[in-house]
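Accompanying notes for the structure given below.
Should a chain be cited, it is by its letter among A, B, C, D, E and F, assigned in written order, with residues numbered from 1 in that chain.
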Amino acid sequence: MRTDRKNNQLRDISIDINVNMHAEGSCLISMGNTQVLCTATVEKKVPPFLRNQSVGWITAEYNMLPRATGTRNQREVNKGKPSGRTMEIQRLIGRSLRAIIDTKKIDGYTITIDCDVIQADGGTRTTSITGAYVALKLAINKMLETGLIKRDPLTDQLAAISVGISKDDEVILDLDYLEDSSAVADGNFVMTKSGKIIEVQTTAEEYPITDEQFLEMMKVAKTSIIELCEKQDAAIN
Amino acid sequence: MRTDRKNNQLRDISIDINVNMHAEGSCLISMGNTQVLCTATVEKKVPPFLRNQSVGWITAEYNMLPRATGTRNQREVNKGKPSGRTMEIQRLIGRSLRAIIDTKKIDGYTITIDCDVIQADGGTRTTSITGAYVALKLAINKMLETGLIKRDPLTDQLAAISVGISKDDEVILDLDYLEDSSAVADGNFVMTKSGKIIEVQTTAEEYPITDEQFLEMMKVAKTSIIELCEKQDAAIN
Amino acid sequence: MRTDRKNNQLRDISIDINVNMHAEGSCLISMGNTQVLCTATVEKKVPPFLRNQSVGWITAEYNMLPRATGTRNQREVNKGKPSGRTMEIQRLIGRSLRAIIDTKKIDGYTITIDCDVIQADGGTRTTSITGAYVALKLAINKMLETGLIKRDPLTDQLAAISVGISKDDEVILDLDYLEDSSAVADGNFVMTKSGKIIEVQTTAEEYPITDEQFLEMMKVAKTSIIELCEKQDAAIN
Amino acid sequence: MRTDRKNNQLRDISIDINVNMHAEGSCLISMGNTQVLCTATVEKKVPPFLRNQSVGWITAEYNMLPRATGTRNQREVNKGKPSGRTMEIQRLIGRSLRAIIDTKKIDGYTITIDCDVIQADGGTRTTSITGAYVALKLAINKMLETGLIKRDPLTDQLAAISVGISKDDEVILDLDYLEDSSAVADGNFVMTKSGKIIEVQTTAEEYPITDEQFLEMMKVAKTSIIELCEKQDAAIN
Amino acid sequence: MRTDRKNNQLRDISIDINVNMHAEGSCLISMGNTQVLCTATVEKKVPPFLRNQSVGWITAEYNMLPRATGTRNQREVNKGKPSGRTMEIQRLIGRSLRAIIDTKKIDGYTITIDCDVIQADGGTRTTSITGAYVALKLAINKMLETGLIKRDPLTDQLAAISVGISKDDEVILDLDYLEDSSAVADGNFVMTKSGKIIEVQTTAEEYPITDEQFLEMMKVAKTSIIELCEKQDAAIN
Amino acid sequence: MRTDRKNNQLRDISIDINVNMHAEGSCLISMGNTQVLCTATVEKKVPPFLRNQSVGWITAEYNMLPRATGTRNQREVNKGKPSGRTMEIQRLIGRSLRAIIDTKKIDGYTITIDCDVIQADGGTRTTSITGAYVALKLAINKMLETGLIKRDPLTDQLAAISVGISKDDEVILDLDYLEDSSAVADGNFVMTKSGKIIEVQTTAEEYPITDEQFLEMMKVAKTSIIELCEKQDAAIN
């Protein structure tokens, strides 16, 4: 049972922006002990499948440093390929961001968001998404300032959070690593500031859950997303 | 707009069992033009991370034949690794099945479900899951008959279905390839016969969707899962 | 010793055509319990080494589904590359087909034959070749019908069969898996309907064999090839 | 048309033995301008699939140096895997040698034959096999001398040669690179000194050939194998 | 020509220790704009080649985050293997550290130093080595405190620095990226606090250099190493 | 302690040129029992990063045959990638050669030097460099003779040698394998005929060494380089 904060309470959040001298946008985001470095890179190119379509592209990559975790995890480069988990997460980040951008307005450009987990304590994928938005927004601002693009391509603002169901059937928000390891179900919610749904991924790891439980998870997520978006706004401005 | 069936209507389903002479359980499942060959292999071994824990394991692999699709897709073996999409799908299939099995009751055994898509026309991952259950159930039955295990390890029955939101904002069930390509949002639901939730994955590809839309998708999915479970029962018995 | 059929007798053969809705040509061929799905894909492109030479190309790929065999074989994609056996077989299939086609008459096109072994019980490579011819012929017919090409590029008809020498020194035709496992020598013959030789591959696995034994193997093969070609004709027409 | 030697005449052969200070057996074999360095390595181990079976193993590896050929060929290590051609050839070499050895008499040992093509001018695979026998024989002799094994495990002697059919329908022996490039059919024959067959691989690259042509190829090969075996004997003794 | 500091002057250095909650030792080291995160992981295991030899092992891995550099560099995991440069650097780091440790005194343990370049502006390999020493020292201290080992295995203290020769033939210390790009020769020196040599790597990229130039480079390096070691001491204590 | 030659004495050297019928330049170089086959390939192309810059390129590849060594080493192609050691060495060879060539004078051409170690007994990388110069020089001569280039692009002549410090603190030149295995420090020096420095790589494997030791190593190297250059000249002319 959680003792240091309420079941529906987020961990401490900090977002430091412009932490990288090279990137067009960047931030170091912490949620509790989870720390992710997010950088946005703007390049004048589009992937082959988008050539001659008058659109741009947003993609993301995700990686954990070897000692981000309690025991050292082997670098994926030494296994010759990214793991299924890594690919799943980076596909999720990229897909989420593409839902709030009008790619016609970044015609000819690819924006790559790199999320490198410096330290992990649960919720690395949702923290990555929340930080990715900040890095993206900063890069977009720079593109507008420097005249690379004329109109703001962002159509909304998003953040992400994890919600789980604990062994004693409580809905708990923003799980740390220990909570996540013992949860019976685990959900990741990507939503807009206005409460709309971009991605819902819920997995019952131990046994199936009821509709009521699921709806409660979604409700708790929705409230916390607003708080996260406010933190983003405070960091950017 | 869909004309050949109702928005909440499944495509024609057929499930032929025991189609492979070698596998412990197998079926060829068709949903409309989508055809998946599912085989279950029982092996006396457990993966290294489960050694000495008195449990068994269930895992799954997914693959598309090169010409399952309208244009030929290159074999992943020639790229040197499975794609992110393939890994995501096979992780989903395995995770879903593990939610309805008591792995203590298959102690010492690994059951591998192979889902090979012979022909694709949308919904290959959900069709794979629905067929995977049948192959698994048949293999479990054989293990019980031959005395490899004493008690039925299955704790529930599951099936899966896709639901989407079309360009004209209709909730449509069991999308074929063309419908899927133009949908603004796409969800995959894995549920038990009794209506509980195992996996919910919803993606707003084009723009964020509302709570109401999402809940309508979930409702339509739930009804169809019962029908799919009945088809499974009819095929097995 | 073989009891269910004569030493020079083929197993039951069936060839179902047009089993795939997407492929330009396709068949499911069975020889006894061996089943191979063959599809032909026509694409408007030629490999780099043939650019600007006014010719087309035929190539083939071969694969076994994991549970085609008695014990499950690991997918080659998970080892990162095709095995030597797979490469050897798919090179053989492609080379054989190229011997009966005038590639100038398919200028600008590549035809890819995929042979996926659904179930294996010996003779998968020869069954693949026999089925590959059918899929190729159907695709060529379609190219002629739709006007992609003007003249029939096929110069002959071919089929393939395995012949072995059993432990008791009998020449046996069309070996199943058990027979193949215990044979002292094993040959694969690809021949034309008119009895000409395209490929001869004979391996003495246990000890060297005599000229006489080899010539007897070739003779038995030749007779069976005619029968196989007639089955192909019956299926196509 | 061949002018520098008769159609059924071998190129100049030389075999220098013990050219490597480390290997248990070694030779540098030349057939015309084709040069292959063959080494035999004896190691106290057997591959996993032979554990506890009281047998040894013989295997072979084949490689071409980058500038063995007229234009430089890229190292296969830089492509990440051996080519299909390389795998096909090294499987052939190993399989051939296993046909003349009683692996029970090398129980517990693996002998690896490495064939590295220093310079290529046609016939590299057959030259490799002929040289591999010499390296193997020398290693076996050393094993007997040093008492690693008690009885000679070799049951026969073998060599290999290529035979082709030229554009003007002549059967020609021991093709150099130019002859090979323009041949309409190409055969590789591995035979014992006593004229028995170990491997026959014949490919009609351009169009099918007749029985008579094939039998003539085999006859010419057989005669030359005796000559090659005599060269081997002269080099070893 | 360098204007912001003297030719033999180091950039600003900062070393923050214990920046990672999981690692046994860690620091974030900055030299000018170059930032490297160094973590030391202690594991109860030794590599296979050291089994049963009563010694431990130290190894290192090096990596650059994609946007550590001015233009984004592709992750090596997506190319399937570490680059030659990465392997060269991580071998250098590990080799250097092994020269100042008595591996008998860490019997049974492997210490892995991970150097992840967060931001790059020249000198990433030497900065990594200087930081690696700090992380290693902290991990050793922890092993001593917790009683994993009894005696201090470190035999010396080391640091590393780059020295180059500029286009106008000046010897310059601690090159940033721009200086490094235009240097005619480039050297990396790993030395002990007492001035002894562990590694010297000097490359004349443009044209050969004289003995005198080389000796001047070495002299300048030696002086700066003492300063670096003092910074290490200040950070650790 | 070395008994067969003086501490500052080279092993026997032989350099046979034009040993490969295909290569533009080639030699087989022996230093004691170490033998390396060096070939130079001239191709009309430049790597992508040099396009449109009016320069050519020199690169090198290094490889050891499996039984070049006392115990057989596995081919790197079977591990899927070159080892760190191989990459380090071939980068060194290429970099060294580029320091003595004016790439503008080979505009449009790439010269690839392949160094394949036929037999190894210490000093394979330095022997490779000394031989590589000979192969390169011969290829350049051919390019001048055939008019591919107009002016000699070579700006100097180079050779390479290893020097070490033995367990009894002696500086020893040109180490064989046994000497190298027990040395406490090991250096590789690439220098010009006129005594200038191209590459210095010194590693203290066991414990740090003093300046005096290092300078003695460099002095011994320098003298031997002149002798090596004279051997090169004798072989070429």
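Quick note on the criterion: contacts are C-beta pairs under 8 Å (C-beta built on N, C-alpha and C of every residue); 3 or more make two chains touch, one makes a residue touch a chain.
Please read these numbers as outputs of a predicted model, since none were measured by experiment.
Looking at chain B and chain E, the chains that touch each of them are A. The set of chains in contact with chain A as well as chain F comprises E.
Farthest from chain C, judged by the mean position of CA atoms in each chain, is E. Equivalent interface to A-E within the set E-F, C-D or B-C: B-C (over half of contact pairs identical by residue number).
One finds 33 Å separating the Cα centroids of chain D and chain F. Chain A and chain D have centres, each the mean of its CA atoms, that are 59 Å apart. Averaging Cα coordinates per chain places chain C and chain F 50 Å apart. Those residues of chain F in touch with two or more other chains are numbered 80-82.
The ring of chains, read from chain E with the first step to chain F, runs E, F, D, C, B, A. Those residues of chain B whose C-beta lies close enough to touch chain A in the complex are 80-85, 87-88, 90-91, 95, 98-100, 155-156, 187, 191-192, 194-211, 213-214, 218. By the touch rule above, chain B contacts chain C in their complex via residues 20-23, 26, 33, 37, 39, 41, 43, 61, 63, 65-70, 72, 75-78, 80-82, 112, 114, 116, 118-119, 121.
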